[in-house]
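Note that chain A is present in both complexes that follow, paired respectively with chain B and with chain C.
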Partner chain A sequence: MTLEQIIEELDLTLLTVERDFSRITPVAGYASDMLSRVMACAPRDGALWVTLQAHGNIVAVAAVLGLSAIIITEGETPDEATIAKANEVGITLLATREPTFSVVGNLWRLGLRNDQ
Partner chain B sequence: MINETRGRLKDTVANLHVHTVLSACAAVEMIPPLIVREALAQGIDLIAITDHNASANVAAVQEAAAGSGLVVLPGMELQTYEEVHVLCLFDSLAQLKAWQEVVDARLPLQENTPEIFGEQFVVDQTGELIRREPRLLATSTGIRLKDAVTEVVRRGGLAIPAHVDRPIFSLFANLGFVPSDVPVDALEISHHTTPSAAGSRFPQLAGYPLIQSGDAHHLGDLGTATVFTMAAPTISEIRLALRGLQGRSFRIERS
Partner chain C sequence: MKSQESTQGITQAEAFAYELKAGDVMTCDVITVEPGDSLAHLLELLQTRQISGAPVVANGTVVGMINMPDLLRALQAGDLKAQVGDTMGPHPFTVAPEDLLVKVLEVFSRTGAGRLPVVDNDRRLVGIITKGDIARGLLKALPSDGDDEEIRRYRARHLFEDIVSDRTSLILRYRVRAGDFDNGGMSSVHVRQALLRLGASLDLARRCAIAIYEAEMNLVIHTINGGILRVEIQPHTIFIEALDDGPGIKDIKLAMQSGYTTTPDEIRALGFGAGFGLNNIKRCVDKMWLQSTPEGTRLEMWMFLQPGAEHRMLETIVDRLSA
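Take a look at the complex of A and B:
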């Protein structure tokens, strides 16, 4: 399943620059709002991260882990500097008003698993 | 002011993180006269009163300490939007009250449930009950970490992220590391660790002045302190000491 399909199915708002999301396939998922835990425990390289943290540090964490994208939930919005930083380091930021529970449920329904 | 006091530096043993019975999680013994008596008994020269998002007991502790030799700085332990606890310390009650207005406007209107969270008592200098605070205080305000630190410093205060070594309500737990655009004056470690243990566990501490405080919820926690070598117990002197300027310095180990 590509990021393009995920964006469409979950009706996500793209906060960063447009890319060819049909060529990006998230290979795993992770959900947490504690960045220390994300740094220690999230799957690396290509995973999709779901969080309601909109703080600028999420971009640095995602870049270090090589995540494919961050879905920011519950209508939280990062500031412009965070979005600019994400564009600079190539991290895609997506937003939704839905809570993390629903987003993860939908990703699971679409077939995203961590054992692929 | 600083020039006048040059050459009169002395050690001040400071616990800059003390709760009162206004904090639901604090023990009922944390009333002004007992805090003052116990702090002095444990060799403390300077405390800051730092209740969760609140400051209504600061004046009572100052009054209880009047003439005792213990200096009481006005403060608050702010909980930011990111659930990070930050000590906000000021010189004057007026500065703290102005900051309290900002915080009150960004504190969610939730009622405290004393059976679950504990009582929040406003007391006088003898510890007598004046009123119960109805709002739930120990919750996240809408103030973002960067805005909180920037604003406290702009108002002449000190902003110090609290107990960064703890698993919850800590800058490192919630945000991983100090954001580069947040001008913190220092970082606080709790009495659960030591500077060297914290340093090896958290490499992101490197480069920041590190203080240790009691985060006192019980009288027995009052003794954990940082020693500042400075001319007077003021915010500007503490800041000089944290930066190691003009002969001022600080250390965690008590001599």
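Take a look at the complex of A and C:
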């Protein structure tokens, strides 16, 4: 399933620059708000990360891990500097008012698994 | 660097000139005139459509080309009533849609023409091509952003192969500011990028970047004045050190325990300081060494890229002490 389909199905708001999301296929998912936990446990390069943290450091975490995108939940919004930094290092930021629980549930329903 | 980049660009553009054809870049929607049209009509056409010449077509075939200089000559002679057929050059140079751009460029330079009609085997007009069309076509074909990274990687990968010395190393230094949670972690992003460009595997780049991220965030969270990150990349070893000037770790044994943290609550609310930092580092690197006093902390991390690289640690240590 492509990131384009995920954005469409979950009605996510794109905060960073438009890319060809039909060519990006998240290979796994992870949800946590503890950054060190994400560092230790996010499955692998190309994974999708769901969190309610919206400060600038999440961009570094995602870039270090080579994640495909971050979904920021519960209506949290990153500031301009964070969005600019995400664009600079090529990390896609997506936002939703839904809580992490629903987002993960929907991703699971769409078929995103970590065992592929 | 700049000149290398432009050389690379030219080489690639040249390669595409041997792949792309006139038909790939030509303009298909051509404005034409007929031999019986008046020069006044032509003049109006050139002005309203903002072009400087047009092919002359009779019964679908190209019979000539009329350009601004032809028109100016006729105007100078005061002959605005003349027809296009009397004024045009009779035998226009043409190219075929299947002609390679390199051939089209050759026709441009041989004839000095500004535009060339593109005709099929029956001399029927199928398009028109200018040097601008070629430039646009080549620019379109040249790789964009994504492949730039490929070129950078290709160049960086040769760094260690092209330089002969007893010991070659690349040193990256980063200044980390205390309390800068927004920018903290960016050094590790940059190191990861550098390692990938140097040809490191995704796994190696990831392990290094995670270790550096945790070391970097420790400097951001737990130091008075921030600190220095120094990454020394060698063909067989990556040596990373994080240095600061205090206040030091009170109990290293406790700090190494998973889940133990001294991070204040308001910083923990941001997701930092869960107490896994040093453990993450230990898990990612091949060797780790930590020394801490109230005057400062030194964290050393080693990645060994080749079997036996561990024994060459000594070289790095001796070099560093004598520097």
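Throughout what follows, the second predicted complex is superposed on the first by the 116 of 116 C-alpha atoms of A that agree within 3 Å, B and C clash if a C-alpha of one lies under 4 Å from a C-alpha of the other, contacts with A are read in each partner's own complex, and residues count from 1 in each chain.
Heads up, the rule we're going with is that a contact is a pair of C-beta atoms (placed from the backbone, for glycine too) under 8 Å apart; a residue touches a chain by one contact, two chains touch by 3 or more.
Being a predicted model, the structure only gives us computed values, none of them experimental.
Participant: Following the superposition defined at the top, how do chain B and chain C come out on chain A, clash or fit?
Facilitator: When both complexes are placed onto chain A, chain B and chain C end up clashing with one another.
Participant: Which chain, chain B or chain C, ends up touching more residues of chain A in the combined arrangement?
Facilitator: The partner making contact with more of chain A's residues is C.
Participant: Looking at the overlay, what does A:V89 touch: chain B (first), chain C (second), both, or neither?
Facilitator: second
Participant: Which partner does A:D45 reach: the first (chain B), the second (chain C), both, or neither?
Facilitator: The answer is second: A:D45 touches chain C but not chain B.
Participant: Where does A:H55 make contact in the superposed view: on chain B (first), on chain C (second), on both, or on neither?
Facilitator: both
Participant: In the overlaid three-chain picture, which partner chain does A:A63 touch, first (chain B) or second (chain C), both, or neither?
Facilitator: After superposition on chain A, A:A63 lies in contact with chain C alone.
Participant: Touch check for A:D11: first (chain B), second (chain C), both, or neither?
Facilitator: neither
Participant: Going by the overlay, flag which of 44-52, 152-160, 170-178 or 224-232 in chain B ends up clashing with chain C.
Facilitator: After superposing on chain A, the clashing stretch of chain B is 170-178.
Participant: Overlap the chain B and chain C contact sets on chain A and report the shared residues.
Facilitator: 33-37, 39, 53, 55-57, 60-61, 81
Participant: Mind listing the chain A positions that touch chain C in their complex?
Facilitator: Going by the criterion above, the answer is residues 33-37, 39-40, 45, 51, 53, 55-57, 59-61, 63-66, 81-82, 85, 89.
Participant: So in the complex, which bits of chain B are touching chain A?
Facilitator: Interface residues on the chain B side: 82, 144-145, 172-177, 179, 181.
Participant: Provide the residue numbers of chain C that touch chain A in the complex, in ascending order.
Facilitator: Chain C residues touching chain A: 181-186, 188-189, 192, 202, 205-206, 209-210, 212-214, 217, 270-277, 279-280, 283.
Participant: Which of the residues in chain A end up touching chain B in this complex?
Facilitator: These residues of chain A touch chain B: 33-39, 53, 55-57, 60-61, 81.
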